[in-house]
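Below is one structure; the comments refer to it alone.
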Amino acid sequence: MHSFSEAFAEAASLLLSFDPALLEIVSLSLRVSLLAVLIAALIGLPLGALLAIGRFPGRNLLTIVVNTAMGLPPVVVGLVAYLLLSRAGALGPLELLYTPTAMVIAQTVLVMPIIAGLSRQSFVELHSEYREQLQLFGLSTRAQLKVLIWDARYALVTALLAGFGRATAEVGAVLMVGGNINHYTRVMTTTIAMETSKGNLAVALGLGMVLLLIAFAVNALVHSVRVRAERAAYV
Amino acid sequence: MYCEFLRRVLPIALASCVSAAAQAGTVLLQSTTSTQNSGLYDALLPQYTAATGDRVRVVAVGTGQAIRNARNCDADVLLVHAKAAEEAFVESGFGRSRSDVMYNDFVLIGPVANPAGIGSDMSVSEGLRALYDARAPFASRGDDSGTHKKEIALWLGASLAPEQHSGDWYLETGTGMGATLNIAVESNAYTLTDRATWIQFGNKQDHEIVLEGDESLFNQYGVIDVDPTHCPNVDHASATRFIKWLTGEPGQAAIAAYRVDNQQLFFPNAAP
Amino acid sequence: MSEVLPLSVRSLTVQRGGKPLLNVPDWQLQRGESVALIGPNGAGKSLLLRALTGLLDNGVEQAVSWAGQTPGPAVMSRCGVVMQQPLMLRRSVEANLYFALERALAGDALKAQAAQALHAAELADKAAQSARVLSGGERMRLAVARALALSPDCLLLDEPTASLDHSSARNVEALVSGACASGATLLLITHDLALARRLCSRTVLMHRGEIIADAATDTFFDSPPNSQAEAFVRGEYLE
């Protein structure tokens, strides 16, 4: 198909030109998604650990809820976030709709269950290995969470990456609450959607390749860290 | 406390992200997609910002969604193209006043092979009748947008009810103009589009304009300031300033000057 | 520091699904004793150890008294315990020691104590390596060294020489007998009857969740207290 060769050329020229508009979009994408993943990790990792080791009523129900939420459709999250953040909504007075902050919130909601759900599995495995030692040493739940999060860190990075991938790749939620406003809330995916709708398929595909390239770079970086850890047998 | 957290921490965390947070003169414009996709705002808004220092943020969605968003007060200004719906919006107290800004026209596009045999000398009603009789595939927006409203009115004017053939040859895409054009191009279908979007559209392949020029294809764009009594949080002063510029001499001249491939896409017609 | 010995167990029962797994009506461990806990697999030896250390919940710990205290962090800080999964394999060798020593020491004292423990376990050259790369023998030496590092009053070891080669087993045995010589009380689960005879002054035989023989080691092996003990010493299956 002719679009592909054009798209490669387009991607190359986009990258080589260091087009400031492109850089702006890429950097906003990264910053919104990284911040969302950071906040989601701060909530999701302790939640995942708590679901793995905690004993409290409703734990199984909460686990099911988290696992279900791992598959939340972005447009649904976007719609709910829109309804809440709209000036007519419950959080309207915050004036957050159509801001990068709103996009961070929506992506955090999308990503947090993924991080919590995936990390829970890692914590379950690690905890079966550590349970007796942690208990014998009389560690408080909080101290146990710290040990588990630290010692599972290489496995947890995979969960964070999955969350980051989801955040950078989704378009439904950021489009609804961000509005794809030029120079303000326009990110990679909303630009791709917009260029597609303008029939600029080569540009859209080129941008898609840039997105993939970034995802590749991030994965390569994390993988190399992991491989180094594996070589030292810490995983 | 949670709200306080959001209000304080998130914007700080994002401060490095975003060049400048909302300042005094920021207009939130809910707009139809054609004006954005045609590149009009990219030409117009920098001029406005240069002239006034105000910033305009455009959220481009279908006319129906733009009106609903504005009804939720998520806009200072509304710029769409569905006059009846716009007037209803003002009458219901959501908008303060409506002004004409500019116009262009709708065109019927279809495959070069033109299986329905639509003649360029036909009226819209005749063209649609030919399409209907030939059961030629037709992609409808089906999304309550300005273009969709216009299309429904045109079928009604031709006394035809294509909805009963939905899913057969009448394809309701439920998406924006661009996505619908992509679908029409790929499925050899006809569709109705505004001229500006079509001229700017980059994936025409073997599609072309098959019918244009009928009086009923006239496409009027209007602008409305969201009513501050209904929506106390809107920046009404900035909204008024923007509308005054857009419908005044500088804005109208800028609209007339915007061209793609040497074709003028929008024709200013604000009341002086 | 309060005394944790003697250890006494009264009316300790554990059931799962209505099936009795452990039933110890009355049993004591005196300060300074070294006791071997022997018996076939599934006899309840490890389960008893878990009950003694407070790893079982459901109120089982109420049946266990460490000089008047129920098992918990306070008691366990005076005990060196080696369970069947005794190490943090995602940490380095020295980090495993630090984790144990941090309960009582800090700074240079902690480092010095860790270095000394590693030296005693012949692991000084592996300090910075991941515990995962250690051989089975090295792992067990590290685990025992970790259990001994805070000079505990009581040592509770679950098969510390199982599947070790001769030299590692000797190292572990030397570490344990050294601790006993300096006054530590020992409860040792083992299948190695010769080790039991060498290290322990008293031998306890468990079968089907119950203690069926309990005698001084010499007596136990030379003139077994009952027919089951005699059969077990002879290497026969217990019915």
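Every chain is named by a letter (A, B and C) in the order it is written, and numbering of its residues begins at 1.
One rule holds in what follows: a residue touches a chain if its C-beta (ideal position, glycine included) is under 8 Å from a C-beta of that chain, and two chains touch if they have at least 3 such contacts.
Model, not experiment: these values are computed from the prediction.
In terms of the stated touch criterion, subunit A and subunit B have no partners in common.
Comparing chain C-alpha centroids with the centroid of the full set of protein C-alpha atoms picks out A as the closest.
Between the CA-based centres of subunit A and subunit B the separation comes to 33 Å, rounded to the whole angstrom. As a whole-number value, the distance joining the C-alpha centres of subunit A and subunit C reads 46 Å. The distance from the centre of subunit B to the centre of subunit C, each centre being the mean of the chain's C-alpha atoms, comes to 78 Å. Subunit B contributes residues 3, 6-7, 10-11, 13-14, 16-19, 22, 28, 33, 37, 41-42, 57-60, 69, 71-74, 176-179, 181-182, 185, 200-204, 231, 233-234 to its touches with subunit A in the complex.
Interface residues of subunit A, counted against subunit C in their complex, comprise 126, 129-130, 132-133, 135-138, 151-152, 232-235.
Per the touch definition, subunit C reaches subunit A in the complex via residues 50, 53-55, 72-74, 76-77, 81, 83, 85-92, 99-100, 103, 129-130, 132-133.
Of all residues in subunit A, those touching subunit B in their complex are 27-28, 31-32, 35, 86-89, 91-101, 104-105, 179-184, 194, 196-203.
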